[in-house]
Amino acid sequence: MAKFRLDETDHQILNMLIDNTRTPFTDIAKKLNISAGTVHVRVKKMEEAGIILGSSLTLNYEKLGYAFIAYVGIFLQNTSQTKFVLERINEIPFVTVAHVTTGKFNVFCKIRARDTQHAKEIIFKLDDIEGVYRTETMISLEESINDKKRLMHSIFENL
Amino acid sequence: MAKFRLDETDHQILNMLIDNTRTPFTDIAKKLNISAGTVHVRVKKMEEAGIILGSSLTLNYEKLGYAFIAYVGIFLQNTSQTKFVLERINEIPFVTVAHVTTGKFNVFCKIRARDTQHAKEIIFKLDDIEGVYRTETMISLEESINDKKRLMHSIFENL
Amino acid sequence: MAKFRLDETDHQILNMLIDNTRTPFTDIAKKLNISAGTVHVRVKKMEEAGIILGSSLTLNYEKLGYAFIAYVGIFLQNTSQTKFVLERINEIPFVTVAHVTTGKFNVFCKIRARDTQHAKEIIFKLDDIEGVYRTETMISLEESINDKKRLMHSIFENL
Amino acid sequence: MAKFRLDETDHQILNMLIDNTRTPFTDIAKKLNISAGTVHVRVKKMEEAGIILGSSLTLNYEKLGYAFIAYVGIFLQNTSQTKFVLERINEIPFVTVAHVTTGKFNVFCKIRARDTQHAKEIIFKLDDIEGVYRTETMISLEESINDKKRLMHSIFENL
Amino acid sequence: MAKFRLDETDHQILNMLIDNTRTPFTDIAKKLNISAGTVHVRVKKMEEAGIILGSSLTLNYEKLGYAFIAYVGIFLQNTSQTKFVLERINEIPFVTVAHVTTGKFNVFCKIRARDTQHAKEIIFKLDDIEGVYRTETMISLEESINDKKRLMHSIFENL
Amino acid sequence: MAKFRLDETDHQILNMLIDNTRTPFTDIAKKLNISAGTVHVRVKKMEEAGIILGSSLTLNYEKLGYAFIAYVGIFLQNTSQTKFVLERINEIPFVTVAHVTTGKFNVFCKIRARDTQHAKEIIFKLDDIEGVYRTETMISLEESINDKKRLMHSIFENL
Amino acid sequence: MAKFRLDETDHQILNMLIDNTRTPFTDIAKKLNISAGTVHVRVKKMEEAGIILGSSLTLNYEKLGYAFIAYVGIFLQNTSQTKFVLERINEIPFVTVAHVTTGKFNVFCKIRARDTQHAKEIIFKLDDIEGVYRTETMISLEESINDKKRLMHSIFENL
Amino acid sequence: MAKFRLDETDHQILNMLIDNTRTPFTDIAKKLNISAGTVHVRVKKMEEAGIILGSSLTLNYEKLGYAFIAYVGIFLQNTSQTKFVLERINEIPFVTVAHVTTGKFNVFCKIRARDTQHAKEIIFKLDDIEGVYRTETMISLEESINDKKRLMHSIFENL
């Protein structure tokens, strides 16, 4: 399980793509004084090594009418049901994140909903999954930080 | 605060970009039987309306040596300090998400660290911010779901 | 789901009725320099639009021997039972308020009782509803504020 | 502290007014086979005895744009501040109910807000009252019961 | 349910008996300047009215080898079992006090044991009663106050 | 710290006095076939050894108007204040029991009050003791068992 | 259950063995000015009396790849299952300590694992034991003290 | 931070020493068919590599009068005090283990005491350390497992 080694050039390519995944490879090449082909090869290699898993848009959920965020802690009747319950959770698109956790909860989810009424429906769906014993919800009053770019840049500085 | 109206064509463009932000506009155009210029105009408009905020890579943090995820609940001495504390939190790149929340905690964060030792350092940094009264940590044993694409597709189906 | 638009005259009528529902329409009319018929039409319209749902007396429960107030949090075995349990709760007249809530409890109630003994009987009735898993009670030592009039006036100022 | 004695006629009058505070006294008189003057005297007496404190409208808060309900538990630094804090709370019209309670919280409030953002502002105002040490919020997903009429009728049956 | 009226003489008799139940009635009589017969009649009357329920020794449990005190909170599966469970608890002589309570627990007990091992046996007995769902124990490190005499004297001063 | 040794005769004497502290020594003597002098000597010896600390009446607090029982958990700012706080608690006669405890609370009290209003005053007095940081109250809905006699008899059987 | 009496010589022997169990008896003998045979006899006697139960190595678990420590609190469905559950726990070698406890948990364990993934497997094994109702985990960020030698030396000073 | 590599012979040596640290090297040598010198060299190397940190006796604390075990969770005022507080804790020999932890507590300790009274003194000492904000204690009713040997053997099987 040896880690894939990224060199300085890889870091610089990633740093540029993190800020804008659509940056043309020719722009990256020019900036780094390498050929566009090299950029292409490097990105390919990082995709094949499973470092780059894909890309996604950052949308403004408020403008799309999905301003309600909540965290839902789930208690299972028995942890042997964890895998089954996670598959059921995965069928609810409004759950964007789910973790198996230590501490109070067995599974901990993040949901995005249109409003209180919609959140209730999602929470009730979670509650009704077979093997779910009880849920506890914590509502977000404001998403103050949601930014993986600082982390990504920091990782490449620390590597 | 009227919502920006997206039409069917916008949805189809977004659906394709969500899956791969680097999809060439010419591919999108061909698929939707419209001109590449139209795609360009539509995307531009959605960017200007603040619907599309940007794009980001999905990286494999495990392979980059950042496999440790924890949620940290923060109690403040006084909520008048919320803004100040969030600015301090924002200086720690390993905090990827922070919410002002109801319930037990005043602020709720998600952190990514290299290992237990690194997590301890991050938690201690949070604890030492002026105005932070106490923190409580819940450790992720497994990130089972982390996928906003299902949500995004679902939003455009429901709009 | 467009909101019914109230104008300044509606607000003034409501502000007077909030303070005393029995204020004669002629008094309101005189004060606002409009005809009693107009007052009548306006109130009718607000009733038909479902803005005014009715009126109720404010009684002194202490003098009626009902001085004991408690909040009861209810844990359900399964949220699919919520509707059924709420119907059972609705049969107990001493429960004056019931909410489906986030956080620790599934349902959260307010009860009014004659004394500790009576409160115990009501709590036991709640506990014995099929589908109720456990209850937790918090007793009021003093009802310091119970006043919707400030809210109502404030709403009409803010509209 | 002897309780005011209500007789059967008082009960019947109250039962009618509870359902509709605007019921004309002549209607009540006809129904009970007594004179309108008697109704008037009885109501007057109950008002003077402090049994009837007033009347209020039942409005549809959802239609008025105030659909967000939360319960806020308040921890004080010291209970000697209770009176002072309650006076400050009383200045916030969106707090409709406040109790001094046993158990976890010192003071327990019910608030009505327009939405999550507005609720955050109200909670922060509570948090910033001098002497308030911390607050905990529980959000209502649905107000299933809010009905004092069943209680009132029940009281008069039991008296 | 009118309260029995005690007069000044009753109070003085009780005050003396509270401090020492074996005080001879002749001593009480002399002190209060009344006849021993009067003392006898008064005590009799208070016994018949159910004010005086009996008397008991105050023993030094430490010297008897019973120094371990714990409070045990009991959660029931269903409050309809309360009566049955209390009867089972009543069969365990080491439980000296049991209350039906509000808040976290359904029943709350005080136990006296010889030592940790003995306490464990008693707690396991409670846990094994049919209908008991779970127990939580809080151990006394020191019984600092156990004195009903101050209360009794205070009651007679306040009456 | 050797324990005082009680023999069979001591047990029998104690068993009779536990049930009724006023049982005349001549009655005890007759029943046990010993002289009244022996009973007297034995009781004296147990008093001197500190086994018998005194005697007290069992009164009916409900009939005396003191029907409200609550348990109050006290959090101290610092355990070095324990002794001082206990002395202040000891000045409140309505606190009948106080323990230094493990677990959640530093000190755990039992109080008896006339009613909710009186309980509030006592709790506020506890809250206002210097060094007391916070209190949590659990209210008794019914004192189902309060009986040290079973324990006492059981001790003498087990000795 | 009289305690075995250790004299000064026993203490000195134990003090030396505690620091290094492999100290040759001849070294101990020389230091204490007694014969090696005496040391041998004394150690034998302490082993036979069950004071010395054995000896064990202190290994560096980090270097062996077992750096992850967690405490796991276990809730049982019923304490009658305690013995059975402890036998099942005893089959998991990564549980190094297990206590029957008061308070929140029925059984409280310490586990050592290779990493988060391994910890999850162990916790799931505990969760899946028949009779285990739920578990709660607290993760160690740093083992700051793990030293029984100070205690042992202190015991022999205090004896 | 490469791990020291142990081979099969090292494992076998460790396995024998784990069971009895005083096993003569000649016995180990005979059993493994190697020279005593080899055993000596291997053990030396494992000590120098920091794998073997030392050895200790397993004593019967009950027989030594130290039967009382408790876990104490410590809340700090600020985690910047962690190092200072741990140094103070380290001066109390009755604390045998201390961890910096996630979750509810900042530091989590295990203590061994003679009895309840002694435990109280130790807990009060912890409470009085500067920077300690509050403690919570959980008492062991029975130490059911305390065995690192199973873990050690298991580690060498898994390596």
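We call the chains A, B, C, D, E, F, G and H, going by the order they appear; numbering starts again at 1 in every chain.
In the analysis below, a contact is a pair of C-beta atoms (placed from the backbone, for glycine too) under 8 Å apart; a residue touches a chain by one contact, two chains touch by 3 or more.
Keep in mind that what you see is a predicted model, and the values were worked out from it rather than measured.
Sharing over half of its contact pairs with E-G by residue number, the repeated interface among B-G, A-G or E-F is A-G. Compared on C-beta pairs in contact, A-B and A-G come out with A-B as the pair having more. The rotation relating chain D to chain H, fitted on Cα atoms, comes to 180°, given as a multiple of 5. Chain C and chain H have Cα centroids lying 60 Å from one another.
Chain F has its Cα centroid 42 Å from the Cα centroid of chain D. One finds 7 Å separating the Cα centroids of chain G and chain H.
Looking at chain A, residues 100, 102-104, 119-120, 123, 137-142 sit in touch with two or more other chains. By the touch criterion stated above, chain C contacts chain D in their complex at residues 3-4, 14, 17-22, 49-61, 63-66, 69, 71, 86, 89-90, 93-105, 107-109, 112, 138-155, 159. For chain C in complex with chain A, the touching residues are 75, 78-80, 82, 100, 102-104. Listing the residues of chain A that touch chain D in their complex gives 67-68, 116-117, 119-120, 123, 137, 139-142.
If you check the complex, the residues on chain G that touch chain A are 70, 119-120, 123-124, 127-128, 134-139.
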